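Below: the structure, in structure tokens.
The first chain written gets the first letter, and so on, giving A, B and C; residue counts start at 1 in each chain.
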Amino acid sequence: MAEIQLGNLLIYYKEIINGYYLFHIFIGVDMIKEIKIGGFGGQGVILSGVIIGKAATLFDKKNSVQTQSYGPEARGGASKTEILISDEEIRYPKAQNPDILIIMSHEALLKYHADLKEEGILIIDPDLVHLDVISDFISEHKIDVYEANVTKIATEEIGMKIVANIVMVGVVTKITKLISVDAAKKAIIDSVPKGSENKNISAFESGYNLF
Amino acid sequence: MVEDNESTETDFITYEEKNPYIKYFRKDRLPTIFCSGCGIGITINSFLKGFESSGMDFNNLSLVSGIGCSSRIPGYLNCDSLHTSHGRALSFATGLKVGNPDLDVVVFTGDGDAAAIGGNHLIHAARRNINLTVICINNNIYGMTGGQISPTSPEGSLATTAPYGSIDTPFNLIDLVTAAGATFTGRWTTAHPLQLSNSIKNGLLNNGFSFIEVVSQCPTYYGRKNKLKTPVSMIKMFKESSINKRKVGTLSEKELLSKIVIGEFVNKKREEFSNKLENLSHKESGRNTIRKSAYIL
Amino acid sequence: MTKELFIQGNEACARGAIEAGCRFFGGYPITPSTEIAEYLSTTLPEVSGSFIQMEDELSAIGAVIAASWSGVKSMTATSGPGFSLMQENIGFAMMSETPLVVVDVQRGSPSTGQPTMSGQGDMMQARWGSHGDYEPIAISPSSVQEFFDFTVLGFNLAEKYRVPVIILADEVIGHMREKVRLPDNVETFKRIMPKEDPKDFLPFKNVRNGTNPMPAFGDGYNIHVTGLTHNELGYPITINPKVHSNLVRRLVNKILKNRKDIVSCDFKYCDDADIVLISYGSPVRSIMETVKIGRSSGIKLGYLKINTPYPFPEDEVVKIAKNVNDLMVVEMNLGQMFHEIERVASSNAGVHLFSEIGGTLPKPNDILDRILELL
């Protein structure tokens, strides 16, 4: 049994006898936007997911679920978060075929790129990944690629490497329009340590103005 | 409806006349399950004498125990009592004291309960210096299960699980809890009831973790297995092998192996755990922890 | 005005506990439950409560039981390996009728298994983990909101029936963030003090509804609490068969006879369904999605969401089984509640198992694959 999803149609098909296929077509699959962010521990990958989810639910009044997975390492291991955003109730909380994939480490690129939806959006930090290894995948699936050098911007423009994740939230807000600027800023202020709000808002704006 | 098939018809009038502490007992539970000649009786009397002389209120006393002969004591005394699972008495006592720091909490335990299965809880309760008075009745054997070796059985002593003599090295319980941070420790034998009751009083009055070891006779198992068949011969042995801590200096390490060092070893001040929690509550909420909040929240 | 937050399931659980009146937490750190302890270590002192990190899970549950007898609503939180260590004294709490809440945020198992991944391998341990006959109450949340609500419910049921209540959550719900609405007023069940004079009070009386009022230590009732078989006064009576039988039957019946009050299930689209999916905890999210997709394409699916695995909702499962061709149990183990469902439903419907182990949620598309094979 194989499956393809086209918009809100989910199509299952199975070859019964040579050349004869059995199809099941499911309509009305929810228009849930799925975002996956992958990187390594310590980059603030999970916090960026929390901020996007918080912006969508508390400030844009949509529905959102944020999940995460991580290895046993306290620092430096693989780190991943998924955020689902929808106007409707979200039942299944995990991303199945992300619409948007954000990659902050080469390991994450190799691990997650294949899940990306046909014509999906891929945002990478070009200083952390070698995109050429998936160039066939990108052309074959018509992936829309954005290169956002968020770590460099955080280091050089803000003077704090650790706000690269917030720069990335700015990039995502601009490119995907899944959350509003106002909601994103409120969610950042609500989530970052007291006293660091201004630096983080600057980081967000740098990312937002990159595209 | 109260069924009580473990007690038999006995006349207690003579007890009441002879024993001034009988008023603290649940008389409907007597006689006890303890063997005749057991050291627990002397320990209970010494405890009640020490308790009376401490000036504390019996109505405010809670007793906690685990499993073993000594852990049956709380069931016979007429106060709130918690008879828990094997080795866990100190963890229960910790929850009780933290839940209501106004209670005076005393733990009755034995060598197996405190030092084998409950050894971890023992060192951590001492480390916290939580205000509990632990009375550890050490008979060097598992009595309730029929005479197996314990963590304090002397090397070479016989037991049903050491038919060739114990090859284990015994724990020195006082050294153990002292190293872990107890602020009051004392050791006596059942041949020293007055000194014992005095140390129990001192332990009760110490606002911290107090540990009193009572070297006690189990004529039924330890005595029978180790050529000390009568309670009298065991108590005689305790008297002969006891040495006050002041005189220890004159003996070699080898000579000390066969001795029971008695006395009070530690009596010092250190901040108590439930007080620290109360201070934290005061700092963060402006008041002490709420007592009996389950009835109002 | 209700407050809305975007928080992790574990934080929602801790907040629920505070709202329910919990003022004592004793625990030992273990992934993926640790955030509950961390949150309460900050919050409990702020509400005049006590937090203590114990030396292991054996002592954590002991401290919680005794704190409950001191008159304070008490809880602990753990995961599979710690839950195993707590079984001894969960049995003590059953026998001594001690109200408390144990939160088990399940992870991949057996043994230390998969600390950062999800699983539901503790279902039978929650039912039969301690030795002997007893009837646990267990509640499984399938959303962050439910982790808050069910923790409150857990405390209320624990106090009402004087039993330990187990919240059987899992890593997905513990670590997931979602919107939670915190109500202004949380209804709590306040512990009932005996009305009788201490000398007339039988703390473990064989009362008709099974549950007695509960005095606290220090109230003058001079109560004796023991894990040994005891008579109505609380005194150990260990060789009288009738005393043991009366006691254990009362403890079991006080839950079973109040099954209707305790059991909670939600079901949807079951009236005309050909196949009903059954789950509890986080995989409920998978079956809800599966039913949505199936229904929109003309496959008559329904779902039964079990909120209280224990007492097991026998009547509810049988009622649905009578109306459908097949039931499919979806769980993150190799079949635990499946056997319970098969036991009560197999004479009325085909009972199938969809197992997912490895740490991730069952995927709706994979469940659909299995359903298409049944059609």
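A few comments on the model shown:
Everything below uses one rule, namely that contacts are C-beta pairs under 8 Å (C-beta built on N, C-alpha and C of every residue); 3 or more make two chains touch, one makes a residue touch a chain.
Nothing here was measured: the structure is a model prediction, and the numbers come from that model.
Path length between chain B and chain C in the chain contact graph, taken as the least number of steps between touching chains: 1. By the count of C-beta pairs in contact, the leading chain pair is B-C.
Remark: chain A and chain C have CA centroids separated by 35 Å (rounded to whole angstrom).
Work out the mean CA point of chain A and of chain B, and you get 62 Å between them.
Along chain A, no residue makes contact with two or more other chains. Shared contact sites, meaning residues of chain B that touch two or more other chains, are absent. Within the complex formed with chain C, the chain B residues making contact are 1-6, 26, 28-29, 59-60, 62, 64, 74-75, 78-85, 87-88, 90-96, 98-100, 102-103, 120-121, 124, 277, 280-281, 283-285, 287-297. Interface residues of chain C facing chain B in the complex, by the touch rule stated above, are 21, 23-24, 26, 45-50, 52, 54-56, 58-60, 62-74, 88-89, 92, 99, 159, 188, 190-193, 202, 206, 216-218, 220-228, 231-233, 235-240, 242-243. By the touch rule above, chain C contacts chain A in their complex via residues 4-6, 115-117, 172, 175-179, 282, 285-286, 288-289, 292-294, 296-297, 360-361, 363-365, 368-369, 372.
Touching chain C in their complex are the following residues of chain A: 1, 3, 10, 12, 24-30, 50, 53-54, 57-58, 63-72, 91-94, 96.
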